[in-house]
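Read from first to last, the chains carry the letters A, B and C; within each, the first residue is number 1.
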Amino acid sequence: MSQGRIRLRFGWLEGLMLLAGAVFVSPCLLALLNAVKTNPEIIRDPLALPERWTLDNFKFIFTGMKLARPMLNSLLMCAGVILCLVTIAPMAAYSIMRRKMATGRLLRVFFLIGLTVPFQIIMVPLLKLFRMMDIQFTYVALLLHYVSWGLPLCVFIYSAFMATIPRELEEAAAIDGCGQVSTFWRIVFPLLTPCTITVIIFWGLWIWNDFMQAFIVMGPTRGQLVFVQLWKFLNDQYVRNWNHIFAGVVVLSLPVTVLYVIMQRRFVKGLTAGAVK
Amino acid sequence: MGNASTFGRRGWPASLILCGPAVVLYGTFVVLPAVLGFAYSLTDWTGWTADPNFVGLDNFRELAGDERFAAAIRFTLSETWMIVAFFTFGSLVLAVLLDRLRSVKGIVRGLFFYPYVLSILVAALLFKYLCNYNHGAINLLLRSVGLGEWAQDWMMDPRWVGYFIFAMVGWSAAGFFTTLYLANLQTIPTELYEAASLDGAGPLSVFTRIQLPMLVPTVTTNLVLATIFGINLFGQIVVTTEGGPGYRTATVGYYIYWLGVKNNRQGYASAVSFTVFIALVAVAIVQVALLRRRQVQL
Amino acid sequence: MQKRTGTGACVLWVAVVAGLVLSAGCGKDADSGKVIRVTRNIGGREGFRLHFKAWQEAFERDNPGWKIELIDLGNQNGDEFYKARIATGDLPEVVMTWQLTPMLVKGNHLVPLDEAYYGKFGIPLPRKYKGRYYTTQGGIQVQGIAVNRKMWADVGITTPPQTWDEFVAGLAKLKAKGHRPLVLGGREWSAFQPLFYAIATNMYDRDPSPDKPSWTIRRNRAEVRFATDPTARLILEKMIHLLDNFVEKGAASDGYNEEQRIFYGGKGATWMMGCWIAGDVEANQVDFEIDYWPIPSMTGRKPVLITCSVPQSGWAMTTSATGEKRAKARAFLECFYDPEVYQLFLNGEGQFAAASKVPVKGPRSAWEPAQRLFDNIQRTMDEYGTTPGFHIALDDMPPPILFSNTMKAVMQEMLAGTRDVDRLLKMLDDDWDSALKGM
C-alpha cells in the first residue's frame, strides 16, 4: 500500500464510519460543551450552545476543588512507579528468560498468577500489612502497591519481547568478561526500548486514571491524587453541580487527550501491547 | 530459550540481583496478602477491632447459603456474558468494517479508541449524566422530539440498569478490542485478498473464508480478556449505582467490598474473595486449555 | 572496570528511586504542635460553616497560641474515616461521634466528660453509656413531615392528618389537583426516610424504659423478626402503596439534591425530612410558608415527631488529646456553649436549646419564612411530643449505620417494582442478622 499518493477515496462507508465515530465520542463533546456553561443552563438544555461562555467552572477547579496539588502528586506517583517498573521488571524478565527450563517456567507461572488476581482479594490483608510496616495510608505504600501490582504484566510483556532478542550479543559480552548484571544494562536494556515505551504509556495512563485502588490504599482522607479528589468531591452530595463536574472531567482528561492526539499511534500500540502476542 | 542457562551456576548472585527485587515486591505485596486473605477467611474478623477469632469453616458454610452472594454471582455472569459477546463479536465486525476503509482509517480508529484512555470515573460520570431520568441528555432528547413516553430511568430502573452498566463498559473498551482485531487483520497477506477478488468473491465470502479463520487467535485472546474484564467489574458499580437498586447490581467484587468496608465483616469478605479467586483460576485454566486445543485443531 | 560501572549504576539507580519515593512521601501531613483537630460534616452547608467558624474564633480568642484545624467530612458519616484514622493511630483530638460512640468507646478512644461539664451549662444528663458520659449536645434533632402550606390548603387541609390513611387520602387529593404529592428520591440515603418514620413510630414504644426490652433487643434475641411481625408487614404494604401512587416516575434517579431543588422550588407538596431543613431555608431563599407536621401512625397511635436524639452523639474528646492538648480540647468543648456560638449551632442544625443556663432558646433567623418555620416546629413539638423511635440508647440501636443502608435498599426495591412483601421482609431480617455478626 503506497503511502505517498494522496488518496481521496471517500465513499459512503467512510462517511458512515466517520459519523459513527463522532457519535461514539459525543458524550465527551457534551462534557466539553457543558463545562463552559453555568449550572442552571445545563439543567435547562444540555444540548444547547452556552448563552454566555464562562470559565468560572475552571477557576473553581483550582480554588474550590483544589486540584492543583493533586495533579502534581499524580505526576510524581506516575514517574516514581514507572521508574521502578522499567528497571525492576526487565531485570526479572531477563533473569527468567535466560534460565534453565524448569526454574524459568516456575517463575513465569509465579508471575502469571498475578494477572488474574482481582484487587478485592488482596485489598484488606494488604492494608493490614502496611499497618504492620507502619506505612499505612502513605504515598510510599501506594507506590509499593502500584509497582508490585504492575510487575506481573510488565514481566510478561518484557519476557515476550525478550524471546525475540538473539543470544549472540550476550554471549559475546560474556566472553569479554562482562558480569551478568552489566550485560543486561549495557546491552540488553537499550534493545528493550520499544517495550519500555509501552510500559511508560500503559502505566502512566493507568496510574493517572486510577481512583479506586488509590482511594482504598490511601484511605478516605489522605488521598491526594487527581481522580480520588474528584471522586471525593462528588461524594459530597450537597454540592453536586454538573458544571463543576464537567469542568473537572475536562481538565483532568486534558493532558491525556492532548498526548493521545499527538501520539495516537504510539498510544494505541502501547496500550494493546500486552494483549497482542 | 536454551536448555542451559547462559551463565551457568556461577551466575546465581547476579540472578539474585536481577530477579530479587521483582520477586520480593511481588511476593510481599501481592502473593502474601492473597495467602493472608485465606487465613482471615477462617476468622470472624470485623476489620477494625483488634483480634480476629478463629471460626474454622463457618464462613464458608454461610457462604454456601448466602443468597446475596448467589445474586451477585448471577449478576456478574449476566454482565460478563454480554461483555464477552460484545467484545468478541461486536468488535470483530467493527474491526472488519474499519479495515475496509480507504482514507480516514486513522481518524476513525482514533475516535473509537479514545474512550479507552479516559478514566472509568469519567466514563461513569458521563453515563450517569446521560441516563438521568429528569436531566439526562438521552431523555431530554427524546422529549424534545416528542418521544417523551419512551423516556426511561436508564440507570435505576431494574429493567435497564444491567444494560446501562454494560453500555458504560462497552463504550470504554470497544476501541481497545477493535484495535486488537485490526492489528491481527493487518497481518493477513494481501495475496489472499487478490486471489479472492480474482475468484469473484463478494465481501461476505471474504469475511467468512479469509478473515474469520485468520482472526481466531485474537478471538481467543479477546474472549479471555473480556471475561476478566467482566468479572472484575467493581469501580464502575461504586461510582454509579452503588449496588442499587436494592442490591441488584452488586457484582462479586462489589459484594466483597461492601461486606468488608461497609458491613464490618472482613473475615467473611475474605472467605468470599478466596472462593471467587479459586473459581477465577479454575475458569482461566479451563478457558486456556479449551482454546489451546481449538487453536491446535485449526 | 566494567564491574565497577555496574555497581555504580546500581547505586545511582537506588539513589534516584529512593529520592523519588521520599519526595512522593512529602505529601504526608506535617506534625503540628499547638493544634486541636476537629471533625465536622460541613458538606457545603453554610449554616454549619458559619457555626464552626464562630466556634473556632471563640476558642482561638480565649486560648492564644492555639489553633483549631477543621477536618471536613463532607457528607460522609465518618465511619470509614474514623476506622482509617484508628488504624493509623491518628484520630483527631475532637470528633463528632454520631452513632459511632459505641465503637469508639469499645476501642477506648474516647475520653469521658465529667458531670461538672453538664452542670455548668445546665444540660440534662444524657443516658449513661457503659456508665460514663462522653459528648456535647449533638444530634438532638427532630424528624417530621415538611409540607408546602399553600398546596395542602388548596385541597382543603390545613391541620396535620391524624392517621396514616387520612394522610394518604390527602396525598390523593393533591395528586388529583395536579400537584406533586410527595418529594422522594430513590438514589441516595434519603430514600429511607418514609420507611424509617414508619418503623420508628409504629414498631417501637413511645416511652421506653430500661426494664421493658425494646424491639431491637427482642430482635437481637430472635424473639421477634420482621418476617413474623404483623406491624412490619403492614408497614411495607403501606409503603408500597405510597410509592406506587404518589411518587413520580423517575424518582429512583433523584438524590437528596434533587429533592431539595424540587421542594424549595415550590414544586412538591410534602417532604419527609429532618428539622435541619429549616436551617436550609434561608440559604435557599425559600419564600413560601412551610409547615412541619408530625408523623401519623398506621397502628392507631397519635401522630408524633421523632427525636433522632441518639443519646451521646455530639462532639467528644479522644485519647489522641494528651497532655496539654486534653485541657485545650476540653476548653474547646466548653466554647461550644458560648452564647453566640451556640446560637449559630442551633441555627445551622435547626435544633432547639438543651442548655438551660445558656441564654439561647432556639434557632433564630432574620429570614422570616425560616423563623416562622422554626416557631412552627416548636409548636408541633409542644403539641404532639416526640418519640425516640429506635434511637433509645446507644446499646439499644439496630446494627448501626447499616440499617439505614438496608432501609434504603428496601425502598429502592419497592421503587423498582418489587411487590413481594415476604421477600422484602426477608431482606430486612437477613441484613440485620448479617450486620449483627459485624458488631
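Quick notes
Here, a contact is a pair of C-beta atoms (placed from the backbone, for glycine too) under 8 Å apart; a residue touches a chain by one contact, two chains touch by 3 or more.
Given the structure is predicted, the values throughout are model-derived calculations rather than measurements.
Without chain B, the rest of the assembly holds together as one piece through touching.
Of the two interfaces, A-C and A-B, the higher number of touching C-beta pairs belongs to A-B.
Computed from the mean C-alpha positions, the centre of chain B lies at a distance of 38 Å from the centre of chain C. With each centre defined as the average position of its C-alpha atoms, the distance from chain A to chain C rounds to 39 Å. If you average the Cα atoms of chain A and of chain B, the two centres end up 16 Å apart. Counting partner chains per residue, chain B shows two or more touched chains at residues 17, 47. Listed for chain A are residues 179, 181, each touching two or more other chains. Touching two or more other chains at once are residues 10, 80, 87 of chain C.
The touching residues of chain C, when paired with chain B in their complex, are 10, 80, 83, 86-87, 106-107, 186-187, 249-250, 252-254, 258, 402, 405, 409-410, 412-413, 415-418, 427, 430, 434-435, 437-439. Taken together, the chain B residues at the contact with chain C in this complex read 17, 44, 46-50, 67-68, 132-134, 136, 151, 153, 155-158, 244-248, 261-265, 268. Those residues of chain A whose C-beta lies close enough to touch chain C in the complex are 69, 73, 76-77, 79-80, 83-84, 87, 127, 131, 136-140, 143, 177-179, 181-182, 185, 219-222, 224, 232, 235-240.
Chain B meets chain A in the complex at residues 1-7, 11, 14-15, 17-19, 21-23, 25-26, 28-34, 36-37, 39-40, 47, 97-98, 100-104, 106-122, 125-127, 129-130, 135, 137, 140-141, 171, 174, 176, 179-180, 183-184, 217, 221-222, 225, 228, 231-232, 234-235, 238-239, 253, 256-257, 260, 266, 269-270, 273-274, 276-277, 280-281, 284.
Remark: chain A residues 7-11, 13-14, 17-18, 20-22, 24-25, 27-28, 30-31, 42-43, 45-47, 88-89, 91-92, 94-101, 104, 107, 110-111, 113-114, 116-126, 128-129, 144-145, 147-149, 151-152, 155, 163, 167, 170-171, 174, 179-181, 184, 205, 208-212, 227, 230-231, 234, 242, 245, 249, 252-253, 256-257, 260-261, 264-265, 267-268, 271-272, 275-277 touch chain B in the complex.
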